[in-house]
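One chain, chain A, links the two complexes that follow: it is found with chain B in the first and with chain C in the second.
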Partner chain A sequence: MGYQVSREAADRVFEQLGQDYDVFAPKVFAGEGCFSDTDVIRYGKVNTLDEIEWERRSDYSFKEVLLAVNETLFYFTENETTVPSCGEKKILIFLKSCDLHALKKLDTIYLENGPEDFYYKRLREKASFVLMGCSETCENGFCASMGTNRSEDYDLYLRLSGETVSIDCKDPDLQAYFEKEDGKACDVTPGYVTENAEKVTLPKNLSVDSFAKPIWEEYGSRCIGCGRCNFVCPTCTCFTMQDILYRDNENVGERRRVWASCQVDGYTEIAGGVDFRKTQGERMRFKVMHKIYDFEKRFGYPMCVGCGRCDTVCPEYISYASLIDKLAKEEA
Partner chain B sequence: MKNEYIPFPSQVKEIIQHTDIEYTFRMSFSGDVKPGQFFEVSIPKYGEAPISVSGIGKDTIDLTIRKVGKVTNKIFGHYEGNTLLIRGPYGNGFDVEKFKGREVVVIAGGTGLSPVKGIVDYFARHPEDAVQTTLIAGFRSPGDILFKEDFKDWEKTIKVIKTVDSAPEGYDGLIGMVTKYIPDLPLTDIPNTVFITVGPPVMIKFTIMEILKRNVPEENIWISHERKMCCGLGKCGHCKMDGTYICLDGPVFNYAEGKDLID
Partner chain C sequence: MGLDINTKKAKKNAFRIGKVRGEGASRIRVPGGYLKAEILGLVQEIAEKYGNGIVHLTTRQGFEIEGIRLEDMDAINEMLQPIIELLDINQENRGTGYPASGTRNVCACIGNNVCPFANYDTSQFAKRIEKEIFPNDLHFKIALTGCPNDCGKVRLHDFGIIGMTMPQYDPSRCVSCKACIKGCKSLSVDALRMENYKIIRDEEKCIGCGVCVTKCPTRAFTRSKKKYYKLTLMGRTGKRNPRLGEDFLLWTDEDTIVKIILNTYRFVKEYIDPKAPGGKEHIGYIIDRVGFAEYKKWALEGVGLLPETKMKECVYWNGVHFDR
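Our next item is the complex of A and B:
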């Protein structure tokens, strides 16, 4: 059951929320895009509803709120280690349906694959998620093909329309903030797209034999191994350990984990120089098979959510969507 | 909840030098550990490296470290009477119980001997637990031979073939790849023989080809995969092959299952 409140009331609620929550949402960073005079939409802290980009898909996903690009695991001082604190406030994350589906994949790796991850869990436990609906399909997105265009697993749904804000709240803690305001009860259903311009069929008969297909080299030969597809992907979770020491005092330093890309040199290289995937074709195969084949084999559901960010960001215009569609066509 | 990333200090009890660049660090550790498992060994501010357990003693573990990377180079400068930070053990390791009562052939190349050394140690100390134990260990040159003192002990109770790829003139040991010795191994009961092989990927490939030529069932072959592992916890992704995380599900695999793992 949802209800509507005035924009004014919603702003008041949001201000109240800000005292207990750090609110993260997609924001437009004007002029900070990759090319001159372009913007970038990425996650940042917001204090008002006006700061949020409601319509366009963010170029980078919400994942950096839970998994920082570069996260200090602990500080070294002599032989002691100190774990950084992660703040007192709870976390509220605004996201679209595709990303809410991606959250489940992050949880799978960080909470279920091996022991629970200390750093992920402490943030995840205090995070709540606000769904933003989609009024129209985004560039390259194929959420309808992946079944991620709708989600019911939100804590709060918010829609702005002029001076009215429609709300559907499933979380009692968040509900309490809205109950202070006069609201009109009504049915509120999150908006979602039913069709995308990009339509993808998933191949159903992939196996180890698919590793030998020429398609990997065909697509990989155009790849320059920049790793942007991994960094914009809401489901990519790989990292590399990195130790640093402080220049002013070499007895002190820190260990970090930083995002890693399976497309970039060094990802599989071990001491002594053995590199297990040398060509971009092999790396392309590794990435795509993970997204649509082996993750599902291990955990029971596919990894890719069809957000289309990887296709939008690729500087070589390589279309992952058309690659998997072609794999399906080859089967037919 | 436990923070698995925080390493704990372990005292360096003894150092055994094998070659110019390879040393075994005997470290304090009490807890369950199996041959083939590994620890993440760190030098604060320089990084972590996954190192196989090459020996298991009472309240000690052996870590045989080769000076080939940024972290391992640093470890060599930091050892004297000191502690190293470690975390682990990780991975499944070898289950010696599965090999008891059978003919056991261990084939190792270079530092690949480390993860299987615990098995060799066990059957050398308890030769009666196997029908027959053979070790084929290959090294690049006589100067690269590891565990020289251990070889002397092993030769007393099990069959040992210690070979080098090439050697200067006058070397009186065996010369040739490990694969050379497989066709002529005197095996009495092939269906009941287990092969355990660890080494560089190319060596494993040709070793297994030779083993299979002897009509050994695939399920009788055990391998261990060496991969990049930043976390050892199934998170960092670097070691994944197909749907398998080497750090969690491996590094030890039965060949019948492990053969389909492609990088």
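Our next item is the complex of A and C:
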């Protein structure tokens, strides 16, 4: 059950929300794409509904709102450490169904995989999620194959159509903002796609024996190890640690955690110089098997949500979707 | 009756007088080398009707229709009209072909319509310059290239325009992957290093090529909103002293470049050797004669440089001397 309000009313509500929430949504950053005169769509703070990119899938996922690219864990002086504060306001995140499914995987890793992560949890607890529907399939997405094309686990659903805004609100806190406005009750069902151009079948019989498959080297030999596939992925959660000693006073500094990529040099390098996965083929195998095999073995469902961002961003035109589909075909 | 043709006029009208008596070629300028495919069909028609069916792709990105009869020049000019209009070439009288040929076609590499390295739309800037300077009988050669790779070989021209971008670095998006450092070292000038896991850019060394931006996997490096250019001066080929153009302005903008080019026309009018054969003297030789300081005075007349622009106070050229 939902209702409709006028666009004006929705704008008023949005302004009100801004008093209590930091709102993050996909935005077009004009001219900030990889190549000249190209844009990038990534998450940023928004103040109005117009700033939001509603249609196109963001190039980078929502994960950076909950997991900053660089996050200072603590500052240290000689004898003391200080944990940075994380802001007063609550957080509202606009996202699409695939990313809402990805949220579950982030929760799994950071909250249900051993000790809870303090930094993730403190942001997660004050975050609410606004679903944006999909009117048509995005490039390379295969959400229908992964069963992530629909989601009911939203706090709020918003759809803009001209001068009216359709709303379905499940969160009482958010509901309170809309109650001040006159709304017309009606059925509101989030838009979703039922079919993608890409259809992917997951292989069912992967095992450690799959390590010997030639496909890893086939793809690995094409990979340049830039890590874009990891950085755009809504479910990649790896980070590395950096201790920074301030240049002017080496007794003071900070410890940061920073996004890491299993495809980039250094990821498996340990003290003494041993590097476990040296070739891009081995790294490709690790990534793919983690997405659709290791994670599932441990938690009962695959990690990948089929958003297709990794395929779209790869400068070498490596299609992860095509790779896993080939693995499935090899089994048939 | 023998053929009675004013060859000076014909040359100015963009016809070449060939080595075969009575024959020549029709030269079509294509600013920025950027054209709709339908023009190819029009060129073909002329070549098959009035030429020998052969078209030469010129070194300045134009067409040269070979084997035309010189008595057909007027008829060819009529057929050139739709090409001239499609390419938006400045013209005084319709149907009379090109009003000048001294100022040569403005060349450009493919630019950022296609190339991932290019820092701007080279063809559009080429067309803007063409609109400003053509027609003119003075011998000017201008070329544009998208990035310091200089695929456009612009340093062989009087004016070389090289695309630059001022890298914008957001340390909060940087994951210390070193893709920019490796890219800058292997493909460019090794202007980046890492300190405390973040990138330090040597601003003196950086040539604004944009490799760091294309290599960055997280959008920590992005391009400046403003497009920047390097302007190189007075490169040339030729018999006496071929040489590469030298840097004059770094981190300059489009408007400045256009103004300097227009100022240079005034400079040349003032100082060109009145006895120069065919009224044609390379600008570089004029500058060699009157001195760079005098040229600079004329070139910068009414020009306000951007605060970030770096100007070479004096420019020295080398090259090969066959004239000493």
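We take it that the second predicted complex is superposed on the first by the 332 of 332 C-alpha atoms of A that agree within 3 Å, B and C clash if a C-alpha of one lies under 4 Å from a C-alpha of the other, contacts with A are read in each partner's own complex, and residues count from 1 in each chain.
What we mean here is this: a residue touches a chain if its C-beta (ideal position, glycine included) is under 8 Å from a C-beta of that chain, and two chains touch if they have at least 3 such contacts.
Not measured: the values here are computed from a predicted model.
After the overlay on chain A, what do you see for chain B versus chain C, clash or fit?
Partners fit side by side after overlay.
With the two complexes superposed on chain A, say which partner A:36 touches: chain B (first), chain C (second), both, or neither.
In the superposed model, A:36 contacts chain C only, not chain B.
For A:260, using the defined touch cut-off, is the partner it touches chain B, chain C, both, or neither? Pick first, second, both or neither.
Both partners, chain B and chain C.
Determine, under the contact definition given at the top, whether A:215 touches first (chain B), second (chain C), both, or neither.
Touch partners of A:215: none, neither chain B nor chain C.
Counting residues of chain A in contact, which comes out ahead: chain B or chain C?
B
For A:60 in the superposed arrangement: first (chain B), second (chain C), both or neither?
It touches chain C, and chain B stays clear.
Touch check for A:113: first (chain B), second (chain C), both, or neither?
In the superposed model, A:113 contacts chain B only, not chain C.
Does chain B (first) or chain C (second) touch A:160, or do both, or does neither?
Neither partner.
Which partner chains sit in contact with A:9 here, chain B, chain C, both or neither? Use first/second/both/neither.
Touch status of A:9: no partner.
Considering only touches as defined above, state whether A:245 meets chain B (first), chain C (second), both or neither.
In the superposition, A:245 contacts both chain B and chain C.
Looking at A:28 after the superposition, I want to know if it touches chain B, chain C, both of them or none. Which is it: first, second, both, neither?
A:28 sits against neither chain B nor chain C.
Given the overlay on chain A, how many degrees, to the nearest 10, lie between chain B and chain C at the CA centre of chain A?
In the superposed model, the angle at chain A is 110 degrees.
For the superposed model, what is the least distance in angstrom between any CA atom of chain B and any CA atom of chain C?
Chain B and chain C, overlaid via chain A, are at closest 10 Å apart by C-alpha.
Between chain B and chain C, which residues of chain A are contacted by each of them?
Touching chain B and chain C on chain A: residues 242, 244-245, 260.
Which residues of chain A touch chain B in their complex?
Residue positions touching the partner: 73-74, 76, 79, 81, 83, 109-110, 113-119, 121, 208, 211, 237-245, 250, 253, 255, 257, 260, 262, 267-272, 274, 276-277, 282, 286, 289-290, 294-295, 297-298.
Taking the touch rule as given, give the residues of chain A at its contact with chain C in the complex, in rising order.
It is residues 29, 31-37, 40, 42, 60, 68-70, 226-228, 231, 242, 244-245, 247, 256, 258-261, 264-265 of chain A that touch chain C.
Along chain C, where are the residues that touch chain A in the complex?
Per the touch definition, chain C meets chain A at residues 112, 116, 118-121, 163, 165, 171-179, 195-197, 210, 213-220, 222-223, 225, 227.
Along chain B, where are the residues that touch chain A in the complex?
Chain B reaches chain A through residues 1-7, 9, 42, 44-49, 66, 68-69, 71-72, 83, 200-201, 226-228, 230-231, 233-238, 240, 242-245, 247-248, 260, 262-263.
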